[in-house]
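What follows is one structure encoded as structure tokens, with my remarks underneath.
Labels A, B, C and D are assigned to the chains in the order they are written; within every chain, residues are numbered from 1.
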Amino acid sequence: MIKVGVVGYGYWGPNIVRNFNSLDDVQVTAVCDQNDKVHKAISKLYPNIKTTADSKDITDSSDIDIVAVVTPVSTHFEIAKRALENGKHVFVEKPFTATVAQGQELVELGAQKNLKIMVDHTFLFTGAVNKLKEIIDDKQLGDIYYYDSTRVNLGLFQHDVNVIWDLAPHDFSIMRYLLGEDPVSISACGKSHVYEYANIAYISVNFNSNLIAHFNVNWLSPVKIRNTLIGGEKKMVVWDDISPDEKVKIYDKGIDVNSPSDRYKLLVSYRSGDVWVPKVNQTEALKLESQYFVDCISNNITPINDGLAGLEVVKMLEACNESLKNDGKPVKL
Amino acid sequence: MIKVGVVGYGYWGPNIVRNFNSLDDVQVTAVCDQNDKVHKAISKLYPNIKTTADSKDITDSSDIDIVAVVTPVSTHFEIAKRALENGKHVFVEKPFTATVAQGQELVELGAQKNLKIMVDHTFLFTGAVNKLKEIIDDKQLGDIYYYDSTRVNLGLFQHDVNVIWDLAPHDFSIMRYLLGEDPVSISACGKSHVYEYANIAYISVNFNSNLIAHFNVNWLSPVKIRNTLIGGEKKMVVWDDISPDEKVKIYDKGIDVNSPSDRYKLLVSYRSGDVWVPKVNQTEALKLESQYFVDCISNNITPINDGLAGLEVVKMLEACNESLKNDGKPVKL
Amino acid sequence: MIKVGVVGYGYWGPNIVRNFNSLDDVQVTAVCDQNDKVHKAISKLYPNIKTTADSKDITDSSDIDIVAVVTPVSTHFEIAKRALENGKHVFVEKPFTATVAQGQELVELGAQKNLKIMVDHTFLFTGAVNKLKEIIDDKQLGDIYYYDSTRVNLGLFQHDVNVIWDLAPHDFSIMRYLLGEDPVSISACGKSHVYEYANIAYISVNFNSNLIAHFNVNWLSPVKIRNTLIGGEKKMVVWDDISPDEKVKIYDKGIDVNSPSDRYKLLVSYRSGDVWVPKVNQTEALKLESQYFVDCISNNITPINDGLAGLEVVKMLEACNESLKNDGKPVKL
Amino acid sequence: MIKVGVVGYGYWGPNIVRNFNSLDDVQVTAVCDQNDKVHKAISKLYPNIKTTADSKDITDSSDIDIVAVVTPVSTHFEIAKRALENGKHVFVEKPFTATVAQGQELVELGAQKNLKIMVDHTFLFTGAVNKLKEIIDDKQLGDIYYYDSTRVNLGLFQHDVNVIWDLAPHDFSIMRYLLGEDPVSISACGKSHVYEYANIAYISVNFNSNLIAHFNVNWLSPVKIRNTLIGGEKKMVVWDDISPDEKVKIYDKGIDVNSPSDRYKLLVSYRSGDVWVPKVNQTEALKLESQYFVDCISNNITPINDGLAGLEVVKMLEACNESLKNDGKPVKL
């Protein structure tokens, strides 16, 4: 029996508890939260789970194998570090840490202690992302030209980070997983309308290859949009994560460059064919991810979303913040 | 009877001819195009219109009052200049000119000769844009926070300009018309996948006020999107120009900043009310615009979309090109 | 403390248990189901609920106040009757009973025993239906012309009833609640493609007034549609229950009859104005309904969805079956 | 050169003139309309077309080969008959005639005189319908279970016919073309809210086979819907004629009947696979249809939409009217 302790029971914590608890040979044994009311709610739903307001009761417990850190970003480092020091495997909410330095320290500590770190980039375990991965790895799109994501809605303003740190980790981790290519520079523009942290931002990402990527994140949109366009040389994809039935669409559309010898005349013509909407696995991503973490620990496998993967995302986030301060000046990575 | 000569009968020219020709007391008397087949097509549809392959037959004709320049951008300056020099009012396709210097010269020439210049920013005459103008002028949105436009599709690659010069003039002119505020700097990132000109670009625009603007333009999108979000302090608007019936939606949505004294606790909460979809005038914009140009000439009125307005758009386009060369480095305006 | 026993824990039963159990001063004390696996699942989630395979343990228990009957239609009568005879209030899944005669007997028994019967027409407690009720009662639509509902998807084939008995009870009960008018005849056509019961049907309902109603129900549709159009003299409504944000839309659209004296000439012209999308309450309907049943019992109020209301729906269902057998021959009500 | 005379230049006539006129070796030489203003409009657009207010100038002209009858239904018979008697081929707007008897007389007259009759069932020449025909003929759907069409909007009230005669001819002709099966009985319910003719109607059509068809037609809908579901044993199709890009969708969805021996237990389970959106020809249907009529005449081919095909549609329309008078009583065909 693998025992899990969860620190933080706010917006996402209940999902972490429910999913780890649903696994065979796994049980959540303790949950820490500062809020008394939450303790009652947990006890009603899970009479067997201990509750505490002190995270050390989790990180230092001799009876816990995995510590899940589901607290605000600014606290990830301290809790995760203590858990690692106490010999626990660590599952950390995204983004991994508040700084690159913190992330590096955790990664080194994990390696040294031979413990697994998983960063909760849940989207990597959705049916949609895995269908996209399959299509891209199968070279159906040809050379990838662009990756263009819009992730906006009337969003939860975070206390300790801006909208980029809240929403873009999803997109950065998905892009890295799908395309396997690291950026060379980032340019970010944004604005803070309500309080000190930016609530709207536009991020352009440059690569050494043909690829360009862009991320539109906004906490003040009247409509919810979760739309990613991936354009390739041969085919193109639209991933609309809000659509209940047609999340992924592959368009046999593109251009034909007609005559390279005479390219300024009949330069480019369209090509427009069928559209294909593949069936996508609907299993809850967090269920697959929590099972995968347990499997990685049991079989000593490095997770695709390990500390190093989480660290790369934090590097991009830090670069965004620097560019943001300079009206979009590109920041080298 | 006001007589109109049209130079260029490619993609947009037929609409110019049809609309000017439909006005009372106006007739299109001559059309210039390099393509012989086009001459035949014109003669079949309009037996009374003269055709020519030499634009001087239009610009220099003693029998023409208005010259409409509907040619590639790189030729606007030369043709428009000659028309002005010959005492014609000039209607120029967008973007106004290929450089700021050219635009300035035309504006000065027009002023000096007391001739009208209109730049064909057609969208300013759509029912949707005018409904938006009405809502914004009526202060229904409150202080404007952001203007976010996506204009992408499988687009016509232009011979002489990049995607920004093709698509963004629409958005820049609309934004200026609606918000009446000029930007202080621009940051643009893009990529050229097919030939020398960028076919995809992301443009962030900074202002001295609370406002931020962003433009997503792309000739290689598998789907056509014409979507603009305008977020305000009080209300927000979505303008979906592709929707046949619900182009403009006003959302009584936003945030309430709860307690300025204790803003790090219960910072921000949502507000979500009704949505209102106002009826929008469906009259063809180009019909209204061509009539308006004739009225401006007859009554000596300065058009809202005069040479100066067109010039401001070209200034933004030039700044985009400079930023594009530097991976998004912001360019002052 | 009011004690609830639930008979049947299949597709809908878990929602009944969860909602009654969430109410203050109410607790579900026992659940009956034939399936052993279900007993284990219940015990894991609700350690305090007793499980049984014999419905008499519920209907005859001296420790239960309300019996919820969430079994196949063919068994409703027997279980509900026994519950009433044992002095329990009864909450019955829709449709109320398998025949009109059964429904009448239960209604009489309930009246005689002074016990409450509620038929689970859950939709009457949704925000959308109550917004529609408000709009209609406020006479915003004027005289109602038609009620046109489409309720189709790839549906669960029922063992003991056809698609009409499965899906139309929703629509019949909603229509009765909204319009308050009883039909005079029904015509139904359908087909059985898979087994003895019809899996597709079209139902037309005639009234003495100007009103006509129609119901399209289908278990074999590749797409899920939940769309109701209500057309009135002054305004019209579209209720799309699948839309997450815009369930109810009120169209200021209609016709103007121009000149009654000369009606064969310029007969009718369109009127097309704004669209209004009111905010709709998102509270789970079953939560409101279960609370309402408890309130009706406590305060001796007759539920809007009492046995008599359920019986009227069964009358329509029986008429449908008769018409179905005769290729759509209208059946008087 | 084939010469075409057109009687009627109201809503649809201009399209008939434009399309016939665009064909090689075909010219529209004369148009008849009662309205003087229309004569001026025609002369401006087509200086070479003669105009008249007397249909005999068309039907009796020695200089005309084809007479297109684009007038109200009630006048089709008289004009078409006179044209046939004068040796003209006849192109008649749908529905073919106001009665079955009239249709039969025209068909006989055409056969006797060896002249072609084409009824303008334009939809048979759309890319969408031909893609559907291809899919169905290719047996991709398997045995067809149902054909369910919704054709509603805020529609043009007709002077001389009800909504069924206005809208259902499209659907009846498409269904006949696609499925090639004639119905055995029809049941129609409807209501007249504005004047003597029904403005809303629901039509159920029974066949000897497994097939059932249904048609929802309405002139008083606030939204425009053009949606047809075709359900088959193997696959299902949704044809949304309003969608600009995805008119036809093929769903690999359906049911599996699990165990015929034990069918009352695990009766039926879903099957849900990919969706395929084939590219559809976008050529204007009327252009293809008018060319086809000319080809049929030149090569002595019987059109798919000849008088007999038009007559079958009128038989269904007449049956609808009879059922309508009797509250939906089914009428044998």
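By definition in this document, contacts are C-beta pairs under 8 Å (C-beta built on N, C-alpha and C of every residue); 3 or more make two chains touch, one makes a residue touch a chain.
The shown structure was predicted, so the numbers you read here are calculated from the model rather than taken from an experiment.
Engineer: Identify the chains adjacent to both chain A and chain C in the sense defined at the top.
Structural biologist: A chain counts here if it touches both chain A and chain C, which gives B, D.
Engineer: Which chain is most remote from chain B in terms of Cα centres?
Structural biologist: C
Engineer: Would you mind working out whether chain B and chain C touch using mostly the same residue numbers, over half shared, or mostly different ones?
Structural biologist: Result for this pair: same.
Engineer: The A-D interface: which of C-D, B-C or A-B repeats it, judged by over half of the contact pairs being the same residue numbers?
Structural biologist: Equivalent contacts to A-D are found in B-C.
Engineer: Mind checking the centre-to-centre distance between chain C and chain D? Centres are C-alpha means, answer in whole Å.
Structural biologist: Measuring from centre to centre gives 38 Å for this pair.
Engineer: When the C-alpha atoms of chain B and chain C are each averaged to a single point, how far apart are the two points in Å?
Structural biologist: From the centre of chain B to the centre of chain C is 53 Å.
Engineer: If a residue has to touch 2 or more other chains to count, which residues of chain D qualify?
Structural biologist: Residue numbers touching two or more other chains: 223, 245, 272.
Engineer: Considering only the defined contacts, which chain A positions touch chain D in the complex?
Structural biologist: Answer in residue numbers: 245-246, 272-279.
Engineer: What part of chain A is in contact with chain B in the complex they form?
Structural biologist: So the residues of chain A in touch with chain B come to 145-146, 148, 150, 152, 154, 157, 159, 185, 187, 189-191, 193-195, 200, 202, 204, 206, 210-212, 214, 216, 218, 220-223, 229, 231, 233, 236-238, 249, 251, 253-255, 257, 263-264, 267-268, 270, 272, 326-330.
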